[in-house]
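Should a chain be cited, it is by its letter among A, B, C, D and E, assigned in written order, with residues numbered from 1 in that chain.
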Amino acid sequence: GGGTPVAESTVAGSPCGAGGRSDPANRDAKRPVARCDKGLPGPRPLPQTVKLRFATAVKAEFIAPLLLAQSKGEFQKENLDVEIVVLPFADSVPQVLSGNLDGTTGSLEAGFFNAVNKDIDLTWVAGNFYPPDAADPAKAQTGLWARKSLFTDPAKPDLAQLKGKKLASNVGFTSSTTYPMAEAFKSNGISVNDVEIVKIPSADQVTALKNGAADMAWLVDPYWLPIANDSNYVLVATQPAGEPLGGFFFGPALVGEKRAAGVAFVRALVRTINTYLAGDYQSDPAAVQAIAETTGATAEAIKGTPSLVFDWEIRAGTTQREQDWFLQLGRVDYKTAIAESELVDRSFYTDAVEGR
Amino acid sequence: MPSQTLTRAERQRILRTPGRHELAPERWMRLLRLRDLALGAGVPLLLAVLWQVACDAGWIDRRLYPSPLDIIRTAGDMWQRDTLWPDLLASLRRTGLGYVIGSAVGALFGVAMGLWRPIRAALDPLLNALYTVPKLALLPVFLTVFGFGELPVVALIAVTVFFFIWISTMSAMVAVPEGYREAGVTLNLSTWQMFRHVMLPAALPEIFVGLRIAAGVSVLILVGVEFVLGGNGLGHVIEQGRTTLVLGQTYVGIVVVALVGLVFSVVVQLIGRLLMPWSRAGSVMRQL
Amino acid sequence: MTAAILAEGVRRDFGAVSGLGPLDLTIDDGEFVCVVGPSGCGKSTFLRIVAGILRPTAGEVTIATRGDGKVPLSMVFQDHGIYPWKTVEQNVRFALEVNGFGRAEARQRTDHWLGQLGLAEFRKAYPSTLSGGMRQRVGIARAFALDPEILLMDEPFAALDAQLRQVLQEELLGLWQRDRRTVVFVTHSLEEAILLGDRVVVMSARPGRVVRSTEVPFERPRAAAVRDSAAFADLKAQLWDCLRHEVDAYLATVSGGTDA
Amino acid sequence: MTAAILAEGVRRDFGAVSGLGPLDLTIDDGEFVCVVGPSGCGKSTFLRIVAGILRPTAGEVTIATRGDGKVPLSMVFQDHGIYPWKTVEQNVRFALEVNGFGRAEARQRTDHWLGQLGLAEFRKAYPSTLSGGMRQRVGIARAFALDPEILLMDEPFAALDAQLRQVLQEELLGLWQRDRRTVVFVTHSLEEAILLGDRVVVMSARPGRVVRSTEVPFERPRAAAVRDSAAFADLKAQLWDCLRHEVDAYLATVSGGTDA
Amino acid sequence: MPSQTLTRAERQRILRTPGRHELAPERWMRLLRLRDLALGAGVPLLLAVLWQVACDAGWIDRRLYPSPLDIIRTAGDMWQRDTLWPDLLASLRRTGLGYVIGSAVGALFGVAMGLWRPIRAALDPLLNALYTVPKLALLPVFLTVFGFGELPVVALIAVTVFFFIWISTMSAMVAVPEGYREAGVTLNLSTWQMFRHVMLPAALPEIFVGLRIAAGVSVLILVGVEFVLGGNGLGHVIEQGRTTLVLGQTYVGIVVVALVGLVFSVVVQLIGRLLMPWSRAGSVMRQL
C-alpha cells in the first residue's frame, strides 16, 4: 500500500476544520487531501428516518465509503436508511429520474453529460478516489499498459509509436479514462483516433494482451496485477494526479426538497472516509476485513492493490476537461460544453464539513 | 296419433351445409390471407400508435423512452449518416455464419445421438451440462482459442445455436414412429438411406421448430456478444446508446434487431414449407 | 317413417379433385343401410360429411334425430380413430363420460363392451401394443358403448377374422333391433352388405354417386342359411355386376397414362 | 423342393404378454401359403419376425432365397407402411432405386404397377390425400414392383372393394406363377385363402401356434367357379370349424373379468 | 441334375434368431443401463482427467485456467465458508420461479395461438419480433415496472422462457394430426375437452422438448441477468470471480451452473416420462 500527505490541523470547535477543505483548483500531486479527524464530522441525525436508495455498478474496494458507511452504521447515525442496489451507471440513470433511486455512483462517462444535456437532473456532489501513485508511471498501477515490444526505447516509451495499434477497451472512448488517455496521447503528438479500439471486457483484456488480440489496454484494479511484474509490458499512462474522475450523483429530490438528507448522506460518507479509510487504511486489518465483508472479495485480493486515496472533493475543471475530449471525439450529442455549475454542486460536502 | 306427433316435434335437426370456405374457396382463402395480414400488421401498428399517444400525452417520459416517431426520426438520421448500415451488415454476417455453422454441427450431433444409443448415452450428460455453461464467462477461452476479430464472435454464436439444434434434432430423431423404420427395414435400406429417406423427413418438422427457435437465439446471442465484444454491429449500437445515454440510438438498435429476428424467423419458416410440401397436403380443417 | 339422413346434391371437392359426386340419398329413421362402392369413390368422405368432420362443397345433408339417446351420432373410423395416449379402457370410458354418461354407467358400459369384443384382458394396454384388429375393436367398442341414434361405420370389420366378424355382426344387429338405431355401414363385402342391410346402396366410381339402391328382400332375423338361397346369390350377382361396371370404368379411366 | 422359410419353435413375448406361441412351420420354396387365425393371434408378429423387423424371443427362422431376384424379401404392411413425405410415385420408385433397379427400370415398373392398381392419376398425390384403400394399394404396388423372392403380405386386400380385390388376386397369382415366388399371405377371408393358397395354415388364438395346415386340393388355374364346388364348401366348413374353435376359446378366455 | 445343385449352392441363408435382448431381456436391459451410466459418467470424467493432466504438465496456464482439482478444492473452501450455498439457493429460487411463470404464460399463448388462427395471425409477427429483442437492453423498463429486488430478475427469466415455450407449444399444436381432431369432433367434444383429451396429449412430446430447451435457457439467462443485477446468485459468483481475478471462484460458479442445468434438464425429462407413459409403450427397437 502507498500513502499521500494528508491535510492536518483541525480547527477546534469546527466540526471538521480547515483540513476538510482544499482549493478546488489545486491539482498538485503532492496536494494534501481533505481529511477530518476520526469520527468527524459528527452526526447530526435527521428528525425523521429518511429512506434512500443508491446504485453502484459493482461492490468493489473503490466504493468502500458507501459500503462501509452502511455496514458501520454511519448512515444510521444520521437517521438515514440507505439501500444499495447493484446496477450499472447507465441503467441507474432512468431509475434516478423516475424516483426509484435517489442517487447513483459512477464516473464521468459520456452518458452523464448526455443525460444532463437532456434535462435529466443529475448532479455530481462528491468525488470518490484516485490511485495513490497517479501520474507516476514508474509505479505499477491502474493505467494504460502496452506491449513493450511496440517501442524502440521501452525505457522511454514514445506513445506516437502506438499509432495504428489496437487498444482493448470495454466501452471505447466514452468512459472517464478517455481524458487521461487522450491527454497522454496528445502530449506525444498523436490522437486517440489514431489507435484502433478492440472491444473486450475489462476482465479479458489481459488475455487479449497476451494472445495478441490487443496491443494495449487501460487496466483498472485489479486487472493490471497479473502483468505488473511482467517485463513484456510497460505502463505508459495513468490517471491524473489528485483528481477523482467520478463519485456520487444526486437526483432532483436530494438536491431539492430532500437536501438535508443529501447533506447527511455526504456527511456520513465523509465521516466514514475519515474514520476507516484515511491514509494507508489497508494496514488496518479491521478496515480490510470490513471491506472484504462488504465487497465479498478476499482480504488478500484487497491487499493486492494499494490503498486508494479517497477524496470527496471535486476538482475545478474536471467536468470541462472530460467534456472537451468527448466533444472533440463526438461522443456526446451536443456541441458546446455544459458549464460546471450545471453539473457539479460542491455545497453538500462543504456543508457537511462545515457543520451546516 | 298424438304421441307420434310429439316425437316428431322433439326431433332435432342437424344441417351439414357448405361453409364459406367451401362455397368460394379461392375467394375465402384470399380473404383469410388478407385478414391475417391485416391482423399481423395491425396489432403492432396499434401498439405503436398507443405508445405514440402515451408519449405525446406525457404519460411516458420521453427523455427515457423515445416515441415511435422519435425512433423513426433517429433511424433516418443514422441511416443518412451511414452509421446504421455497416453495423447491420456486420451483425447479419456474424449471425448468419454462426447460425449456419452451429446448426450444421448441432444437426450432426443430434442425428448421431438420435440414431445411436451409445453415442447418446455417452454425450447426453456432458452436452446437457455444457448447454447451460454461460458462454460469455468462457470468453477468455474463446479469445485464446479463436484469437480476436470476427472469429470468437461467430464461434460464440455457433456454439450457442449448436445446443438448440442438437436438442431439437435428437428429440425429433428419437420420436420418429417405429413403423417408418420398420418399413425401411423391409426395404433393405442402408443406414444412410434409412436416414435420408426415413428418419430425416420424419424428423424434419420438429427440426424446423428447433431451427426457428435457434434463429431467434442466434440474434439474441449476437446482440449479447456484441454488447461486450467486437466494436461494431447492432449490439454495439444498442450498448453504446445505452452507456452514453443516447437512448434514441438504443431503441433504433432494438427495433432493427427485432425486425432482423422477424425476417429471419419468417425465412426459416418459408424454407421449411418449401422443404416439406407434404406437410400441408390433405389438410382441410387447419386452414380456418 | 321420417328420414334420419337426407342428402341432397352433396358434393365434395378437394382442390381440383372431386371426391364425391352429386349424391342424393335418403336414409330412413331406424334403417340399416349398407354402402358399397369402388375404393376411393367417396364413401368415407360421405360419412365424414354426415359426421360433421367435413363440410360439403355443395348440397346439403339434413340429419334428424329423435332425441331419445344421449349421443346423436357416432362413427367407427376406417383407421380406428382411437387415441394412442389413452389405454383401451380410457379410450372407451372417456368417450362415454364426455357424452354425459355417469361415472358408474360409463364404467359398466366400458366393461361390458370390452368384454364383448375380447379386449378385457387388454384394458390397461396402450393402442401401440395392440394388433391391427384389436385396435379396430377398440374403435367399435367405443361406438357401440355410446349407443348413438345414428351409427356411422366405415369398414368396421375389415381387419377382423371371419368368426369375430360374425359375432360382431350379430352384436350390431342386436343393438340395431333393440332401439331401432339408424346405421350407415360401409363395407367391401357384398355378402356382409346383403346379410346386414335393409338396403344396399352401390356407389359409382369417384366422384361417387348412387348408382343403385336395392332393398334386401330377406326377412329378419336372417339365418346364416340365407346365404345359400338362390335369391341371395341372385342379388349378390346383380350387385356384383353393377359394381364391376363401376370398377371397370374406374380402372379404365385412371390406369391410363404411361401404361398400355 | 427346399424350404424357403423354416420356423422352428418361434416364440415372441412382449414383456409379460406372449404374442406368438411356439410356432413350427415350413414353407417350401415357391409355395403360396395363406395364414388365417383369430385377431391378435400373432400373424403380423410372425411376418415381422420373418421380415427381420422383430427378433424372436426363442426359436429360429431360417430363410433361404435362390438369389435370382434383386430383392430377397418384401412386405405389404397391414397399416400400409408407406411414407407420408413421398408422393405415391416416389414411394414406389424410391423402393426400387435403393434396391438396385436402374432409374429407367424403376420408372417403368413404377408406371406399370401404379397403372395396374388404378393409381396413375394420383401419382403426384401425397398419401394424406388418399382414401384408405388407395393407400393400401400404394403399399401393394411397392411390394409387387420390387418383385421379391419371398413376398410377405399382411391382409393386403382388406380395405379394397370386392372387384378390385379380385383383380389384384389375379395379378398376384400371375406374379407368383411367372417366377414361382414364395408368398406368405395373411387374410381373414377363408374364401380368399382357399382360392389363392397352395396351403392354408390356421393359427390358434394368442399365443398363436399352427393348429392346422391343409393343402388346397384344387388344380390351378382355379376358376371362380371353384367356389361353387362342394369340395370348396367342405374345405371352407372344415377351416371354419377349426377357426371357430379357436375364436371361441379366445373369447371365452379374454372376455372374462367383470362381464358375465 | 448339376444345374439344380448349382442353384442350391447359390442359395442365400438368412437367419432370424433371438438377440441378446430377447434371450435375457432383464439382464440385457440392466447391462444397457449400466453401459449408459458408465458412458455418461465416463466421458466427462475422462475430459476432466485430460484437463488435469494438461494442467499438471503445464500445457495450460494454471493461473488463467484452474485445474479440476483446483476447482474442487475451491468449491470445498467456498462451501465451508458458506459462500456458495446462499448464492445457489438464490439462483435456484429465481430460475425456478421465472421458469414456471414463463412456461405457464408461454404455454397459454402457445395453446391459444395454436388453436385459433386469428389469434395466431394477430400475434405471431409481433411476438416473433419481440422474441429477438435483447431483454437485457430493456432492463430500465423492467426496473421501472417491477421495481428492485427479485422481481425484475424473475420477470426477465420468465419473459425469456416465455418465448421458447410459446413457439414450441404453438408449433406442437399446429402439428397435431387432423385425424385426432376429427375423431374428437364425432365424440362431440367441447373446446375444453378437445384441448384436454386430444390436442394437449398429442402435443405433449413436442412441448416437452420445448420445456427441456427452456430449462437450459432459464439457467443461461439467469446467469446473464445476475452478471449485471442482483448482488448475489451464481452469476454474481462467476462475475465477481472474474472482476476480482479469483478465477477459481469463477470456475466453481461455472461448474455449479452446469450441474444445475444438467439436473434441471434431467428433472424435466423425468417429469415428461411420467406424464407420457404411452410414449414408451409398444416400443421394441428403440431400446437398443
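Note that a residue touches a chain if its C-beta (ideal position, glycine included) is under 8 Å from a C-beta of that chain, and two chains touch if they have at least 3 such contacts.
Quantities reported herein were computed from a predicted structural model and do not represent experimental measurements.
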| item | value |
| --- | --- |
| Neighbouring chains shared between chain B and chain C, ordered by label | D, E |
| Chains contacting each of chain B and chain D, listed by label | C, E |
| Rounded Å distance, chain A centre to chain C centre (Cα mean) | 86 |
| Distance from the mean Cα position of chain E to that of chain C, given in whole angstrom | 46 |
| Distance from the mean Cα position of chain E to that of chain D, given in whole angstrom | 45 |
| Shared interface positions of chain D, touching two or more other chains | 14, 52, 72-73, 79, 129 |
| Sequence positions of chain E contacting 2 or more other chains | 64, 140, 182, 242, 282-284 |
| Residue numbers of chain A (touch at least two other chains) | 88, 91, 94, 98, 203, 207 |
| Pairwise chain contacts, counting only pairs that touch as defined | A-B, A-E, B-C, B-D, B-E, C-D, C-E, D-E |
| List of chain D residues in touch with chain E within their complex | 2, 14, 49-50, 52, 54-68, 72-73 |
| For the chain D and chain B complex, residues of the former touching the latter | 48, 51-53, 71-75, 77, 79, 81-86, 94-95, 98-99, 125-126, 128-129, 146, 152 |
| Chain B contact footprint on chain E (complex, rising order) | 32, 35-37, 39-44, 47, 64-65, 117-118, 121-126, 128-134, 136-138, 140-141, 163-164, 167-168, 171-172, 174-175, 178, 181-182, 205-206, 209-210, 212-213, 216, 219-220, 223-224, 227, 235, 238-239, 242, 250, 253-254, 257-262, 264-266, 282-286, 288 |
| Residue ranges of chain E in contact with chain C within the complex | 179-180, 182-183, 185-190, 193, 197-198, 201-202, 204, 276-278, 281-283 |
| Chain C partner contacts - residues on chain D that touch it in the complex | 14, 17, 36-40, 44-45, 78-79, 111-112, 114-123, 129-134, 137, 155, 158-165, 167, 188-190, 240, 243-244, 246-248, 250-251, 253-259 |
